[in-house]
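Each remark here refers to the structure printed beneath this line.
By letter and in written order, the chains are A, B, C and D; residue numbering begins at 1 in each of them.
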Amino acid sequence: MVKLAEWRGKELFRKYGVPVPTGRVVRSAEEGERAAASGSVPLPCVVKAQVLAGGRGKGGAVRFANSPSEVHAATAAILGLEFKGEKVREVLLEGKVAIGRELYLAIALDRSLRSPVLMASAEGGVEIETVADGAVDRQPIDPFPGITGFERRRAARTLGLSGGLANELDPILRALWALFQAEDAELVEINPLAVVGDHLLALDSKVIIEDDAGFRHPEYAEIRDDRTPLEEIAREKEIAFVQLDGNIGVIANGAGLTMATLDVLMELGGKPGVFLDLGGTDDPKKVTEAFLLMAEARPNAVFLNIFGGVTRCDTVATGLVAAMRQVPEANRFPLVARIRGNNEKEGIEILRAAGVTSVPDLRASAEAVVAAAGGGR
Amino acid sequence: MSVLVDASTRVVVQGITGHQGTVHTAQMRAFGTHVVAGVTPGKAGSTVEGVPVFDAVRDAVERTGANASCIFVPAPFAKDALLEAVDAGIRLCVIVTEHIPFHDMLVMYRYARANGARIIGPNCPGIAAPGKAKVGIIPNVVFRPGRVGVISRSGTLTYEIVNGIKEHGLGQSTCIGLGGDPVVGTSFVDALPFFEADPETDLLVLVGEIGGTAEEDAAEYIQHHFSKPVVAYIAGRAAPPGKRMGHAGAIIARGRGTAATKVAALDRAGARVARFPYEVPQMVAEIVAARAPR
Amino acid sequence: MSVLVDASTRVVVQGITGHQGTVHTAQMRAFGTHVVAGVTPGKAGSTVEGVPVFDAVRDAVERTGANASCIFVPAPFAKDALLEAVDAGIRLCVIVTEHIPFHDMLVMYRYARANGARIIGPNCPGIAAPGKAKVGIIPNVVFRPGRVGVISRSGTLTYEIVNGIKEHGLGQSTCIGLGGDPVVGTSFVDALPFFEADPETDLLVLVGEIGGTAEEDAAEYIQHHFSKPVVAYIAGRAAPPGKRMGHAGAIIARGRGTAATKVAALDRAGARVARFPYEVPQMVAEIVAARAPR
Amino acid sequence: MVKLAEWRGKELFRKYGVPVPTGRVVRSAEEGERAAASGSVPLPCVVKAQVLAGGRGKGGAVRFANSPSEVHAATAAILGLEFKGEKVREVLLEGKVAIGRELYLAIALDRSLRSPVLMASAEGGVEIETVADGAVDRQPIDPFPGITGFERRRAARTLGLSGGLANELDPILRALWALFQAEDAELVEINPLAVVGDHLLALDSKVIIEDDAGFRHPEYAEIRDDRTPLEEIAREKEIAFVQLDGNIGVIANGAGLTMATLDVLMELGGKPGVFLDLGGTDDPKKVTEAFLLMAEARPNAVFLNIFGGVTRCDTVATGLVAAMRQVPEANRFPLVARIRGNNEKEGIEILRAAGVTSVPDLRASAEAVVAAAGGGR
């Protein structure tokens, strides 16, 4: 998933017709000062760190400025900050507005209903998780026929809007729905949607784009997510790779088996540190690449747990053996292998020839790798 | 009787000329499945593994009486493939393809439902009834005919567990891999009634994972409507919140969909919940032993 | 028993605060129909003819148990009104509104069907079962309880013929006016099985008109599946091709849908086809007389 | 329904992405000559009368020109022609192309299926009614999800297109579907869709827009249909009014009853000349307007046949009496009235007070009006 920074989400809002404050993203204090001086950002203005984590207000990542020099100072103070692990590289400057009521609007997927849902609450401006369930109205939106008039009217009633404000809400809801569909979003959230005088204004944006629709959206390919550098490399190689806080590397195939392997290691007192899911490949080169990637993560020990289906055991064994020859001496690690399923015999034979023994029992093999990593009970 | 597939199942493989399509056509046939047709636009007239290839599903249905589809076509074209199958009158569609955008799947699901068709998947290993038919990619080696039903959101973990059941000397009635995506055509709750009604299923293995509330929904259903013994396993107890664990659906978001809530719900529903995957076949064997006439 | 409506029918009137909505709410109540709610956005809390008005159909359903809707809202908003009714769980929707674009109706029809709801209309007079319930606008004065079923694509012509039946001393079981648009939610073929199954209907009057092939389709159905006597009348023999005769659907286009083909088809199907509208009640009376025990 | 002239249809084709020849519509011979001389129309070119009737080629309404002066001559020859009752006011000039195969494509409504259907035939370039049924492939297109890839592939196979031509067909089909939906069309037809070298080109267009969607399409309001002037006035007053070749005026309410009334008159030897459907009004003013309109059509006699439902008998009687006072002496006509249904007694009383007797029996009243018009058997 691609989480968009606030300013990117607001660019989408503008494109689809959700009103947002006049503003501009800057990447240096000088740029910020110039923007304020030239009038392209109204004064007084809000200076907001463009990080993905919430709670910026309380965390000092949102400031106010009344003059170009104050914009310079606030931007300088925020840029380069480390906010909940994210480094601030961009700052959004926006004209300050007089906020009346703060509302909440979002469209997200409800998996159980297998439907998008429109969420609306009159209690916006706070983390929606803190709002009582009863104060958030949820309406399933059927992709056919799309968001309807009666759904939009109900949202207006939920938000306590009538007259001109209800009339303004209507195109905002259409725009949110259009954005959700056309951009292949997982989540589109406006929090708060503020009543400013007689108008509605989206003061923040939260937009998450689905990865799988990447073939329709090359424009999101370059936007980096909160992945580690190794995770990023893995992503390019189409290998599911997740770094955790442990010292055992796990290479398995299939999400369920990988998770189960982590669970077993943890139950046995091990600490999984890298999670690498080969998925359904049967290309030995991909297996080799996965191993080399794992080596770079420098685990204490590696557990190879494969159940051959699409991925055949002999393919994995061949890839593994090739990788073992390429891993630099310094990066070598103790390896425990367990390969079962399709072409199991052939795979075991290839491993044996390279000096690796496959342990067929899951518990026994897991205990062995925990011991090899220096952990265990 | 079995669940959703049986000896009358006649499979058309969409994307048969691709590598996976070809390999699994052979595997399904080796399982004993009637694979009667393949479809790849522009390849009509050729054959794959002895199976005739057509340009369109409608042609395949008219010429071969295909009544189930196994879809291997790449994600960008999978929506069209499913719509084509349903439009041609296919009523069981197993979608193996992974990485289908969920927005596409929302359309596919609604179209299938409006036309009375069932989707299994996407991103799933499919369905198999040993001795009868297989539509999908679960390795043949793990099966043996028997009386244990299996429903799972996982792929290889299912193979592992199903294989374990076999190694304990037992067999399976029908095994369904639902797929690991956020939106699936068939959920636990959708599949459970078939196993409840199936006289060849004595007990059920349910393999879940973190993310969503499908297991909680299943527990609710089991508690009130499912009379057979259930053994369950939930993968992902070690997963940290906010990280996708391979499957697009396997993520703990906003504190929901944790292993703990799922285990607790299944426990309350009377299922036996295993801590380790290899405990599942053991528990199954114990239940079978306890029910066996002495 | 009757067809689609009976004493358990509870009507919500969408667009109740408009002139037609108000007038026909009173008329439906005078007929004995349970009109339990009205809907006009922004008018919640008021009453019309003693009927409480709500902002949304969902509110009306929750508060009053409405299970049928009568839609009077203007054409540009009719699609939304229908979707709202179906979304709120209403399963019988009579759409009186005329001039709804057929592209809208295609969406409405599919949405209703996908959700198990039936549309009668649009641009229709609705349905009435004398002594039980009426959803729509057919004048109360033409009815009298009896055993003649009526299905018609017309409005006032239906009133004329139904009134004629009454003036011949007979009565109606259920009368459905399907509406004169090119796309209708319920066609002759959709409605015929209800009358075949209805033990209170002895014979059927079918009133068609030029345009489309609904009457030919009905004839085909009657020939093979309808066992009761049918008296038919087709309006539009004098209509020249290419001219719309009032109803959007009443047009002879590309040489299809002429009165001659319809009359011939019904004739072949064994229906008695009247040349003049006033012959219909006469034929009905003859059939009733011939079947009466002597 | 609004039938668009060829050039208007082609403007829509261009807008939605259906390729059409370079061309221009002109309204005078001079304009045509200038267009050819300036190069905005390629030479040699085709000069086509913009009339709605088919068969222009055989009817001399399509000519060719090789020079600006020939364009002048051809345009002058065609403009002002009366073609199947239509006067030629506009001429389309288009670059002449080398036509290979001629194909047929259309999307229309199938009422029985309650679905749009895509019609495709490899035998284009002739009236589609003359093509054997088996040579026209019909595919229902579900508005949800809209036209699909497999439907487009089947159309390509039907048309015998492959490779680059099939690739060109794909966006044409998407465009046709988009046009059909977004413009609220009843019919979108390309006949012929020509293979010109390695490309596809729409050489003619037939687009019919639905009247009822007028509220979404004010742009079509000014395009005149093939209505008579009185029909046009009636349309503005929202009265269904059709002129036929007879001398009896019929005023009824409801399409079915109006048609039945015509049928009865015809059976009895009468000749209905004007057909006026009050529809479901209960505004006496509208009834008055309808009567005045009828008077302008100068029928020999008028038959008022009303069955009161939404339209109440007393409303009609009131409107009629008001109209009778306003009709000029010269335009007066014998009137036979039959009013039944809601408020029948009140209506009869109002008529009686104005000297008009309502005849309750349909046959008797119809015979009376046929006699009054001077016809009958």
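Basically, a residue touches a chain if its C-beta (ideal position, glycine included) is under 8 Å from a C-beta of that chain, and two chains touch if they have at least 3 such contacts.
Quick caveat: nothing in here was measured; it's all calculated off a predicted structure.
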item	value
Between B-C and B-D, the pair with more C-beta contacts	B-D
Centroid-based (C-alpha) most distant chain relative to chain C	A
Rounded Å distance, chain A centre to chain D centre (Cα mean)	56
Rounded Å distance between chain B and chain C, as computed from the means of their C-alpha atoms	46
Rounded Å distance between chain A and chain B, as computed from the means of their C-alpha atoms	28
Junction residues of chain A - those touching two or more other chains	142, 144-145
Chain C, residues touching no fewer than two other chains	107, 110
Of all residues in chain C, those that touch chain D in their complex	20, 23, 75-76, 98-104, 106-107, 109-110, 125, 137-139, 141-142, 152-160, 163, 180, 182-183, 187, 207, 209-210, 212-214, 217, 233, 235-240, 243-250, 254-255, 259, 275-278
List of chain D residues in touch with chain B within their complex	142, 144-145, 148-150, 153-154, 157
Of all residues in chain B, those that touch chain D in their complex	41, 55-58, 77, 79-80, 83-84, 87, 107, 110-111
Chain B-facing residues of chain A, complex	1, 109, 111-112, 114-116, 129, 142-144, 181, 184, 186, 210-213, 215-216, 240, 242, 244, 252-260, 262-267, 272, 275, 277, 279-280, 306-311, 340-342, 361-363
Chain C - residues contacting chain B, complex	110, 113-114
